[in-house]
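Shared between the two complexes below is subunit A, which has subunit B as its partner in the first and subunit C in the second.
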Partner chain A sequence: MSNVTCAFIIQRPPYKSETSTLGFTHAISWQVVEMLLDEGQNVVPTVCFVGEGVLNLYTNQKAMENYGVTSIESHGKNSLLVDLDMLVCKEDLERFGIPEDRLLDAEDMGADKKLQIVPYAEIQKAMESCKHLLFF
Partner chain B sequence: MGTLTIGCFASLVGSKSLDFTLKLANAAADKGHKVNLWLSGNATVMGKNHQKHLKDYSTGEKPTMELLKKGVEICECEACALARGIQKPDAIEGIQWNAMHWYLAKIYNSDRVLHVGGE
Partner chain C sequence: MNLGVFINDYKSTVETVDRLKADKLGFIFVQNGVFHTTLKEHGKSSPLLDKTTNLYVLAEDIATRGLTEADVDKRVKVVTYSDVVDLIFNDYEKLAWL
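On to the complex of A and B.
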């Protein structure tokens, strides 16, 4: 009986393809994986945003208005709401000139978790500590 | 022997990644490994029956049937399939339909995971 750790590394930009959305939805599905496992078993995901993946975290996305689909921002907020650890590469935010106050949070939904903006070295450490890596 | 879970997100047509995935799953099954295959995103088109094998395009139905006969568990994302107009009566028999937690549960019990991303 133990947990299996997985890192979901989101590196693709939003909306250009379905890839980053699937990264979020697969990570969120951790919420119900216990239904298919034995007592005491669980999968513990950590979601990491690197490269163009950090662009998924912009706040005030207008996906419904522009594309008629749920925004990736809402997937991000739901991820925080279900207590996913979400690490964001500090260097990549700086590279794109994205200030921290332009990033989503889920305080309005009552989430306790917040995005963790960390140097890439910490993301590397998190990936090395996980049993499986899934790149989106 | 080990357990290998492969997640594939690439389309059958327009990429050779899914073709590669099926061949890899077949090789692993032939070596006696337990293989699970999760199809999500554009890869769910693979689960559609009555594929015509035009020589210019990859086809997945025949190799998939062989994998199923060898005991490979194949499951596709129901939402991804329905969004692409594939209904259950159109699905290849033996392919399971479920949601993303199926993939995570198989990952839990796997020695190795290969995640073949989409475009």
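On to the complex of A and C.
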């Protein structure tokens, strides 16, 4: 039985609205969805960051300290911790002048996964090959 | 009139800004508007920073997004909530949100 592939495309900037946060939380919830599938069938989610969506990925966010809300960085780290593939558009990082060392990782939490900085063509492939495509 | 403009989104609002006429014009960048003061899209600063010399950005909102004062364009003054209250009561008789 074939797996169910989902691509979550995060294109909105962080905070202000909940859009990008919902992208993370929907992607993380794939484990729950799996219970509803047929025996042997799996969900394979991929989270992609394009355009202003890459602005969600700065490390050292102080949302809890300043506003008492869970930072988007925490959602990103939890996503890596549950082994989500997270693709970041290389061209958009360059467009905004964001160096790789300013991006979050979850090494301190013991995650094996890391953000994958890829050309937009790779993200396009993920969008074409998935069964379900969701924009946030 | 002295007009203070809160900019709370990262999008181009230059056309609207160009139509605003004020004796003293100030921009207060808050929420996602703070990216105007930190990003150099395609190597260029936000055109909003060329429109006035009275530029302020909220410290809490840059820190929330993982940014620091070092990321902020040198033309922009980093201010706290308390400073913003002072600006509202002392410097700008009218306020707008873009």
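Miscellaneous remarks
To be clear about the criterion, the second predicted complex is superposed on the first by the 136 of 136 C-alpha atoms of A that agree within 3 Å, B and C clash if a C-alpha of one lies under 4 Å from a C-alpha of the other, contacts with A are read in each partner's own complex, and residues count from 1 in each chain.
Here is the rule we use: a residue touches a chain if its C-beta (ideal position, glycine included) is under 8 Å from a C-beta of that chain, and two chains touch if they have at least 3 such contacts.
Small disclaimer: the values here were computed from a predicted structure and weren't measured.
When the two complexes are overlaid on subunit A, subunit B and subunit C sit side by side with no clash.
Touch criterion not met for A:M109: it reaches neither subunit B nor subunit C. Looking at the shared chain after the overlay, A:A121 reaches neither subunit B nor subunit C.
In the superposition on chain A, A:C6 contacts subunit B only, with no contact to subunit C. Contacts of A:L55 after superposition on the shared chain: subunit C is touched, whereas subunit B is not. When the shared chain is aligned, subunit B comes close enough to touch A:S29, but subunit C does not. Subunit B and subunit C, viewed from the C-alpha centre of subunit A in the overlaid structures, lie at an angle of 90 degrees when rounded to the nearest 10.
In the superposition on chain A, A:V43 contacts subunit B only, with no contact to subunit C. Measuring only between alpha carbons, the smallest separation of subunit B from subunit C in this overlay is 13 Å. The part of subunit A that touches subunit B in the complex is made up of residues 4, 6, 17-19, 22, 25-26, 29-33, 35-37, 41-43, 45, 132-136. Interface of subunit B with subunit A (complex): residues 7, 9, 40-42, 99-105, 107-108, 110, 113, 115, 117-119.
Subunit A meets subunit C in the complex at residues 13-16, 52, 55, 58-63, 65-67, 71, 73, 95-97, 102, 104. Contacts from subunit C toward subunit A in the complex involve residues 8-10, 31-32, 35, 39-43, 60-61, 63-68.
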